[in-house]
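After this come two complexes, each holding subunit A, first together with subunit B and then together with subunit C.
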Partner chain A sequence: MSLIEIDDLVVEFRTPRGTVRALAGATLHASAGERIAIVGESGSGKSTIGTAIGALLPANGGFAGGTVRVDGVDVGTLDRPGLRRLRRETLGFIPQDPIATLNPTMRVGGQLALVVRDLGGDASRAALAQLLEEVQIADPADVLRRFPHQLSGGMAQRVAIAIAMARRPRILIADEPTAALDANVRREVLKLVFEAAEQTGATVVWLSHDLDAVAKWCRRVAVMYRGRIVEDGPTASVLEAPEHPYTQSLLAAMPSRLRRGVEVRTYTEMLASQAGEPDDAEVGA
Partner chain B sequence: MSLLELDTVTVRFGHGARTVHALREVSLAVEEGQTLGLVGESGSGKSTAASVALGLRAPDAGEVRFDGRPLRRRRTAGEMQAVLQHPMWALNPRMTVAASIAEPLSVRTRDRAEVRARVAELLEQVSLEPAIAERRPHELSGGQRQRVAIARALITRPRFIVFDEAVSALDVSVQAQVLQLVRRLQAEHGFGALFISHDLAVVRYLADRICVMRAGEVVEDAPTEAFVAGPTHPYSRSLLEEL
Partner chain C sequence: MQTLRWVGRRLLMGLVTLLGIALLVFFAARLVPGQAASVLLGPLATQEQRDALTAELGLDRDLFTQFGIWIGKVVTGDFGDSIISGQPVLDEIALRLPVTATLALMALGIALLVGVPLGVLQALRARRRGGAVGSRVISGLGISVPEFVLGALVVLLFSTVPLGITIGAFTAISDDLWLGLVSSLLPALVLSVFCAAATARTTRDAVLGVLVEPWIQAAVGRGERPWAIVRHHVLRNASIPILTLAATLLAYLLGGAVIVEGLFNVPGVGSYMLLAMDRRDYAVIQAAVMLAAVVFVVMSVLVELASNLIDPRVSTMGATT
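Up next, the complex of A and B:
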């Protein structure tokens, strides 16, 4: 049995313009301790699949088919206390924009203390400083006193990682944790995420659009397009010999692979030029 | 003679002990019809260099020359344009696409027919459907918005355009489309460009020459081929290894 089993999952959002299908039968299994990257572009459904693991969909969204099982338990059938327990004991989230997810009215120390006390741990200054030291913050005593808006993006992300890892989650879901960071800070933060996960043996589900970075950190990659996983396999073989035409076009569009004089077209464009419109992700209107 | 030159430009923020050097004796040049790629991390001074090049900020020391003469905003109106990272902030949300594209030209001419013709021409050049002209920015995708911003920048036939992280907020495949578009338009229009990005891969694709900034200083400035073959500064080397 895998730790995460997502089978044929359909997720729909109710919007003023009708129902939008964000996931259209996505299937993904991940074993304990695995590092898996889910790659796709805006609107492909990767954030939805990330939040679906903890049933953390926004209020206007819901499961419309398929199942999500975490450790054998069907998340869709859990009641509120059950969901809370799952989220508290099993899941850790690292957000895209850490400054926005930290509480702007509380100092870093106060927020860390909330998490640690909840777990029955030691919330003394020294213990909190130790937590920050583990995520390689150079001057933890100073950072504990700061408010989120006084942190740089990289530092805020380290704090978010410290908060997520304090619970020793079995599953760590990182939703583009480096999208808002500089290239050089990016590498350090990724190193931190994967080293922390290695130490605790957590399964990492990393949502990303950066194929270059994926190649460095994950042995397995799943590619999403329009609410489905269209390709799933060892990173090396997916990047070397992609099978799905969408993956091929995605690879060709990577800036490091762009060549002058070689025209690159998007998959949607290719489909449109081949035969009419591609099957649309919108249902009803 | 270069199209645009920064000659030992220094820009300081703050006073006394709190003074920060945003630019420290920076010299760089953009040639007619060519692209200078400017790479560096946040806080390295890239965007300050751009605002100095556009004449939006006067240097504390040094000189900016456009066409060999000291830069004066009034004289260069319409000859310089900018395309920024977030087209949502660059486009007026209450204006239609057609009005946004037309604006830089319609403040200079009263010939409405000419403006309309130019807008149609530019929509086609940036590969947007004519029907998009009547939409507003919130009804467009990120890639479409950036195409509108590029069309708006091109309507006055500028000789110099600054692209400040213009593709950083876009998805990879959309990014590739916009990069290809910029290359094609440059071949057609022959504008000189200052292309700012933190992504060396993007700059390598577009630029004829690459300039690396760090902490307000230029640490490397070389033709793209030479840069890729072997940068001299250790920081440039580390950037190249990241690719």
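Up next, the complex of A and C:
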């Protein structure tokens, strides 16, 4: 039995313009301790699959088919206390915009203390400073006294990681955790995430669109397109010999593979030009 | 240092506001038809007697001179004497202020104790279908029913059915603490209905605004309990509009709840002002209005200072740090 089992998951959102299908039968299994990257363009359903693991969909969304099982338990059948227990004891989220996910009116120390106390841990100043040291914050005493808006993006992300890891989650879900950061800070933050997961044995689900970084950190990658997992396998083989045409177009756009003078086309453009060719041929004939 | 300079600037602006209000109230009071001398001397007095009294009171000079004399005294803290009693106006008001203050604080206390929890509850249930319809109807009613209707109903009820509280027999808390509180209770309740409804509405909107913030979603994602989230991550963030409203309400209540004090025969600033208007006791009207204005100005400075403490991102102090 895998730790995460997502089978044929359909998620729909009600919007003023009708129902939008964010996941259209997505299937993904991950075992304990695995590191898996989910890549795909914006709107492909990456974030939805990440939030679905904790049944944290926005109020206008819901499961419309399929199942999500965490540790064998169908999260769709859990009541509120059951969901809270799952989120507290099993899941940890690392956000895209860390500053916004910290309460702006509370000092970092206060927020960390709340989380630690909630878990029945030691919320003394020294213990909190220790937590920040573990995420490589050089001057923890100073950071504990600051408000979120007084932190840099990288610093705030370290604090968010400390908050997530304080709970020793078995599954760590990171939704583009480096999107808001400078290039050199990105590397350090990713290193931190994966090292922390390594230490605690947590499964990492990393939602990303940075294929170069994915190649470095994850042995397994799943490619999402239009609400489905279209390709899933060892990173090396997916990157070397992509099977799905969408993956091929994604790879062609990787910064490290760009060649001067070679045009980069999106998958949609590729599809459009393929569909257009027969017409041209007919006109020619 | 920066804070001090800011407070200084705000107080200066407050003084300008007060000067404008002084002008308004001074001329508005004199626009009311009927002269003080006629009211004081009654219908049987002769024209000579009236002219003599008008001259004695200084009311025969042109309005701008009168205003100049009055404002000149006001800046030295002298608001003049009551035409009726001959006592300094400030002493007269000081006599009645504790009564109004008790009433105001009780009404505000009740309003916050009822309105804030009600508003939070409404916000938490807002997403459910048909959620909190009942409490929204109640707060809608509370906002729209006028005080004189509600007050009259309460007076009627308590004066026809023996419910243990006598209307009209007012005891000051300085005379007897318990009786004083009891006799303030009914008018305070009537006053608090509007305030509680307004507080509930403001709280609901403020809480709804906070509930969609990412840090709330993050707390939900950590599996924190709803009430813990409200306590730690919602209330403080939603408190600035609630505090602003509370300060406005307090200033409004301290200025004298004219209608309710009149209805319940409460000898506070409100009913004193009503009496003064009736008698064209200009100095009293002016002083009472200025008192309310000062309370407003001071309250708004205090609220802005508090906002800076509540949310460190708010910087109304000017210069960015």
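The rule is short, and it goes like this: the second predicted complex is superposed on the first by the 275 of 285 C-alpha atoms of A that agree within 3 Å, B and C clash if a C-alpha of one lies under 4 Å from a C-alpha of the other, contacts with A are read in each partner's own complex, and residues count from 1 in each chain.
One rule holds in what follows: a residue touches a chain if its C-beta (ideal position, glycine included) is under 8 Å from a C-beta of that chain, and two chains touch if they have at least 3 such contacts.
Computed from a prediction, not measured in an experiment: that's the story for all the values here.
Colleague: Look at A:Asp212 in the shared chain and tell me whether it touches subunit B only, subunit C only, both, or neither; answer first, second, both or neither.
Modeller: first
Colleague: A:Thr178 in the overlay: touching subunit B, subunit C, both, or neither? Say first, second, both or neither.
Modeller: Once the two structures are laid over each other on A, A:Thr178 reaches no partner at all.
Colleague: Please work out whether A:Leu114 is in contact with subunit B alone, subunit C alone, both, or neither, and reply first, second, both or neither.
Modeller: The answer is second: A:Leu114 touches subunit C but not subunit B.
Colleague: Contact-wise, after the overlay, does A:Ser47 reach subunit B, subunit C, both or neither (first, second, both, neither)?
Modeller: Neither subunit B nor subunit C is touched by A:Ser47.
Colleague: With the two complexes superposed on chain A, say which partner A:Thr235 touches: subunit B (first), subunit C (second), both, or neither.
Modeller: After superposition on chain A, A:Thr235 lies in contact with neither partner.
Colleague: Once the shared chain is lined up, is A:Ser249 touching subunit B (first), subunit C (second), both, or neither of them?
Modeller: first
Colleague: Quick one: is A:Ala100 in contact with subunit B, with subunit C, with both, or with neither? Answer first, second, both or neither.
Modeller: Only subunit C is touched by A:Ala100; subunit B is not.
Colleague: Which subunit A residues come up in both lists, the one for subunit B and the one for subunit C?
Modeller: none
Colleague: Enumerate the contact residues on subunit C facing subunit A in the complex.
Modeller: 127, 213-215, 217-218, 220-225, 228, 232-233, 236-237, 310-313
Colleague: What residues of subunit B sit close enough to touch subunit A in their complex?
Modeller: 41-42, 142, 171-177, 179-180, 183, 198-202, 204-205, 238-239, 242-243
Colleague: Quick one: which bits of subunit A touch subunit C in the complex? Just the residue numbers, please.
Modeller: Residue positions touching the partner: 54, 56, 59, 83-89, 91, 93, 95, 97, 100-106, 114-115, 118, 147, 149-150, 163, 167.
Colleague: Which of the residues in subunit A come into contact with subunit B in the complex?
Modeller: The contact residues of subunit A facing subunit B are 41-42, 182-185, 187, 209, 211-212, 249-250, 252-256, 258-260, 263-264, 266-267.
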